[in-house]
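Per-chain numbering from 1; labels A, B, C, D, E and F assigned in written order.
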């Protein structure tokens, strides 16, 4: 087989997608323009495809390759051989007819642009499948057909049936598609390539591979779901909720044949094994019989045709499953024939529906007189479906029966022929019923609408197909003989010597079976009424019910499970988190070798024991009294105090200072918030829960204590020596911790002040949001539940503050300036200053105080970040990285030498941010408080006895 | 000189320790919050004060490091202790003591915690 | 004119001086640089806090103030012993606590505060509350058998001196 | 000393975690505060313990303790301060907006609506639209 | 001698702390506990100063300064909360 | 030294500071500066990315201190990739926020947004474990602000849960940090990697504990089972554009796992490395299953979308857990994809809600199409990149004892996602609103339905940004994959990283 690179192939594959872009736009230019814009692309693609016919007829494979994801082996490789050509012609040819038909079929209310866009998307996807050389690429298009068919089935989205059918099709074909992905990956691995041209050469490698079986099963799952094979057949009838042009196109001519295409495509490498024969052949046979059986009793024209399609797809599948070249050839021929007559049948059914406003066979009959053209077309094509001689359907059905007659199933030569014949009988029955109950018989007077033949545009497409039915049926060899040869060669991967296609093969078993089928069909139809009674008496296992039950159960079960797990109970989340952490820690600990530490321990003194006692008792008290919220705040203050003393004891003065200051500000914030919160926590937890939580937290505590002990009691080598050596010479400060903070790891500090800044902005934004929301109303209706002391701004406090605040501010400055060399620094200083101001607020009230000293909170934060940032950036001008510090010693008479360091500017940034952040937070909280309608004092204290007339309106 | 300092420092420390302990003991022993208030307010201030002065002397004499830091803390405590005590007393009275259980002020107005003065409408801040 | 400018620059001369002293206490070294820095800070901070302290009282007799401070310091020492004795040697039942109302003559908030503070820091008494118009002090006395005497002593020993200092 | 500190850390962790698992926002916040203490001490302890060896240059110093964990703890304290402030405010806001300070937002596991498209199982679900075909053009 | 005095003072203030804790455990109300906490703060300051003398260092001095400052602020804040609810009205 | 490396951190920080300070009353100015800053970020990130293409690892020594003593920023392929991804995502989201007026529903939106970017970028760039903590906190606290942007009771309560969960997580981070420092004596990741490699045997158990705790911390961020529970409530209740931005937040967790557990606790760490690789796979699988379960079971679209994020994180974790070149390549591709896909989905959901009031009422074609595209992307259907990402993960996970399990889970959950989105999507977008049905949430105070807002053109355009990115990711999958493969290779060759950070003599 020779290969020929041809870019035309890419163009053909791309044209439908290009065509999909237009209808949506062209609809503004009218329905004709819309249809034309879609038809144009299809026609062009078809013409281009036909230009490749000579190469295909020469047995060449036309290829075109674009690298897409070479690392994965997924490439945009296209190939065209006989099989692809056949499908391409079907997709584009029938597509063109459908576009024409749909133009007349769809009503003015339907969004036609959308329809043609979806249709063209589907066409492109389908064409992609058959032209793909890369099996992963094929999967891509495969899934695309599922998606586009979902859109098309759900096109009438306002109908329940449309939505349900669309979802069902998506689910079932989606399932198959996913299986196919797995299958293709395995196949690729077994073959060593994802390119079909490669894979098709490696039959032995694939069939010997241990991956063959799983790959086969997964691929067949994909094929069977797509081609509606039993037991996945049930979605197809429900897809009939789509407009009839869609049913004709997707659900008879093209998409459902994708599975067949896949089986045909991989036939050379997958077939020929027992597994293939039994799985594919049996499935096909069963599907054929069941589909035909159900079709007989369907009153809906489209349902009848849908089950008929199921049956015919089964027939073709069975033929492919037989694994012989002759059977494969027969399969190919039936693919061609079924496409022709079934598309026409759907279109005629659509015409009937369009004209009579019903497709219920029970309400039809006698249409032969009212719409003779339609009736003729329908009868011709239905006869083909029944396999009556002189129609194309006869040819392939005959071949099928012939093949069936020679097939042995588990060493039984009768089973397959018997069931094939039954299938044929049933087929003939529903075909005859289609003719007799719709078109024959007397004219009725109760059609929902008076039927007559449609305009030419509407029956043109089925008419053309009906002509093809006859022509092929009468002159098979002349019309499709060489085509069949080409296709069959490409399917089987061999050069076959086919028998000539002819109507008369002599008296063969197949002929007998055929005759039996026709006679049986007529008999059954004549006894239709009792036959139907019998059917109605039978149990009807409904696949849809099962499907609905599965989906419902899945939805309910998953929803319940998911809601139980994610039920919004934070406390549970935390408990799970804690248990996970403890378990992970224990598991990790037990997974590696451990030796106890050997570091000598420090001996505790009395004070240490007292400190420990304090923490322990206050912690226990917190747990014990945690419902009394104010008390908890007092107790937590003890905890904080002792922690800072521990820091003192263990050589960390900076930490102690920070702890103390932060403690107070936190306390203030909590008190401010607690003002509006319930003052007590109700007793809600059950004892079980308390026990559970105690156990979890106890375990966590023990684990943490053990971990801390294990760590503290072992020696280690650390990078810290460097800091101790370089703090003064390199960083210019004697407080190593501070030098680390503003210099060695100044970047951390930069992040840290930004955290503070963001915190303040968040608090501010939240405060503002509360002013607009429900909170604002809650606050406006605030009722003080407890009587409050009348002592609002007590004199003594005000006076004390007048002295304390300047000192505190000075302490702030002092702490700031010394930070680089001694415990202190910008952060603590910022908090000291903030607390000094806070003291003033506590004394005289927020409004009074903040009116007298205006602190632009936002600017403080902004400047803080900017100062820190700009200080860091300043280093760039010295060619140094961000935050590189510089320091020097300045000597100005008469002042003694002092040090100037950029780190101090950085610290200033920290200072400003801290002050701004704390103040902004306080401001937001006070704003919330003022929303309760609090009055504002205009004097610093409630009563100033020294004022000349203290009771006079205050200044 | 050093000996005197040593004796002085030691004495101060011992006294401070005793008074500190006394303050906390009073807190335990006395049976009413108002009474308990007396113990720590006074005793512990002296306790800390003693320690602070001892520290000052100690650093000045033994480490040749004359510091006045400690004065600052002392001042701080002495300024704040009455305010703290006053607040604690007021909080206690607010919670546990009715106005009628207190002696009257003898003036025009009642005690600050119970009596609002200057009923004049004050602005409601809406900022 | 000059005075006005000086007033603008140094709104609180005493406070400035006090802050300078505090600064030197803090840095614990008297050098030119530190004095200068202390001065700068001592000038800047009152600039910030000045609005919070609109009407500053005049201290008429600073020497009396020193005397007062020493007196109070002594009383504090005595107070401790007094309270110690009560705590250690008196049973709760034998402790006679009283509320004492002290009518005030001083009007300056600063003076009242100092008086209240003094009362708290000295023997067996704690200032518990002011009258709403700051005309009386409510003092809690830990143990006394003669409340009036306590009241009189407060007025005599402390309030009188404060009046002298502030007026 | 190490054992004492370990006990303290463990107890604070236990207490904090216990409170974080309580049902009200206030308890949760207090719990996180306790956890913050414990983790700060833990992080601090990762530099091992030393008495009177502050990492501040001094001519009297016999040695210096590890300064790095101290710097880390400082950063951690500041950050957790910011976090605490935010969480306090959010808790307050949540309370004011929804009148409850419960931390749990209960979601009913049964709160599932089934799509009305789905035919309930007790109703005959045989191919609606196909059994009684209306057709694409039925009025 | 000073060392012994220091130990003595340490023991005294430590016992003081334990007594404070006892009071907190057996208090009549939250105000009592606030008072005990305030006392604790003072005892803690004393201990830190003593520790500084023991270790011959002034490095912890500022810690006690800040504890003094903020002990005051927090006590006032607790009380104001009880008195007025909103502490910075 | 390339000063541009710090720009992705500094630029947003400075802009945000100026905004908070000087522009807080002028929304227009904020918008202009915010968009300008993010456009600049896109360009800077792209430029930085280009400089990494030659395979070098660049470092930036902050304060000019040598590693491991100072903090270094490390720009390698991975961090540059993350920067580009972040800035592109941010661009779409900020445009959307402006276009939809979401930024006017509360204060400081843009400042918080930029601070959030600063935190994210900082986390991607840092080479220091503790600094990673700091930047985690920066991005978290900014995310708190954004999460509760606009207020509202339910949002605040959900926000509180989010904050508390992360507070606990941050606490655990510090426990882990302390443990690791106490065992290794360093904070620099490269240095830590070296010290982990010759850890004293007696310390190994404690090291593992530290690593395990850290993994849980990152797991919280990455929403890994079973510490993922916070995610659905948070994502569904945050302002949806913010949720779109949060698409990057879970990736920060994934990034941290990828970084720490290849560099420090990776294959070069011997038994330690094997330990963590073994934990991650089941975690990923369970996360994926839980996510898919939620997608089927969810009732409301935002909640469903949130669960789909869980599912994508599960897939990503599975890919990461492979710790192979192909696995990491797949993980990177899937990470980029899932970030944009989630963003697209949430932006579309906001468009839907915004255009239709509170209840979704079968909105028009464009929005429905966008939703369809987003659902396709998230569910991993062709033609969008999700399909390719899943293929890559499947491909990378072949040949292992666990392969059947991984494949079965990934394929089954894909189906669950398809079914779930099909179910809810067809209901919300196709089903006509029942005229008798009135959702109380959809009525205003007078009992009248809220009028449908007109769709804002800029918002719609912005929603196309992630879609276009997804399309590009699909079309240019080949070249992108090559870059990602190089990235994965570089990530595995820890020697390059360590040498760049600690100098040439460090390794060995």
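We adopt the following convention: contacts are C-beta pairs under 8 Å (C-beta built on N, C-alpha and C of every residue); 3 or more make two chains touch, one makes a residue touch a chain.
All values reported here derive from a predicted model rather than from experimental measurement.
Q: Which other chains touch subunit A while also touching subunit D?
A: E, F
Q: As a test of understanding: of all chains, whose mean C-alpha position lies farthest from that of subunit C?
A: A
Q: Decide which interface, A-B or B-E, involves more C-beta pairs in contact, and give its chain pair.
A: If we tally the C-beta pairs in contact for B-E and A-B, the bigger total goes to B-E.
Q: Of the other chains, whose C-alpha centre is the longest way from the centre of subunit E?
A: If we average the C-alpha coordinates per chain, A ends up farthest from subunit E.
Q: Using CA atom averages as chain centres, what separation in Å is found between subunit B and subunit D?
A: 40
Q: Starting from the mean Cα coordinates of subunit C and subunit E, work out the distance between those two points in Å.
A: Measuring from centre to centre gives 22 Å for this pair.
Q: So, what's the distance in Å between the C-alpha centres of subunit F and subunit B?
A: The separation of the two C-alpha centroids amounts to 56 Å.
Q: Between subunit D and subunit F, what is the separation of their C-alpha centroids in Å?
A: Taking the average C-alpha coordinate of subunit D and of subunit F, the gap between them is 19 Å.
Q: Enumerate the residues of subunit E that touch no fewer than two other chains.
A: 10-11, 17, 30, 34, 56, 59, 65, 69, 72, 76, 78, 80, 82-83
Q: Residues of subunit C touching 2+ other chains?
A: In subunit C, 22, 26, 116-117, 127, 129-130, 132-135 touch at least two other chains.
Q: List, in ascending order, every residue of subunit D touching at least 2 other chains.
A: Subunit D, residues with two or more chain partners: 20, 25, 28, 40, 42, 45-48, 52, 54, 56, 58, 68, 75, 79, 82-83, 86, 90-91, 93, 97-98, 103, 105, 111-112, 115, 117.
Q: Go ahead and list every pair of chains that touch.
A: Listed by label, chains in contact pair as A-B, A-C, A-D, A-E, A-F, B-C, B-E, D-E, D-F.
Q: So in the complex, which bits of subunit B are touching subunit A?
A: 72, 76, 79-80, 82-83, 86-87, 90, 94, 112-118, 120-127
Q: Report the residues of subunit E in contact with subunit A in the complex, numbered from low to high.
A: These residues of subunit E touch subunit A: 10-11, 14, 17-18, 21, 24-25, 30, 33-34, 37, 40-41, 44, 47-48, 51, 59-60, 62-63, 65-67, 69-70, 72-74, 76-78, 80-89.
Q: Quick check on the complex: what are the subunit A residues that touch subunit B?
A: So the residues of subunit A touching subunit B come out as 789-791, 794, 796-797, 800, 803-804, 807, 847, 927, 930, 933-938, 942-943, 951, 953-954.
Q: Quick one: which bits of subunit D touch subunit E in the complex? Just the residue numbers, please.
A: That would be residues 52, 54, 56, 58, 60 of subunit D.
Q: Would you pull the subunit F residues touching subunit D in the complex into a rising list?
A: Subunit F reaches subunit D through residues 130, 134, 137, 141, 144-145, 148, 151-154, 156-161, 163-164, 167-168, 170-171, 174-175, 177-179, 181-182, 187, 233, 297, 299, 423-424, 426-427, 431.
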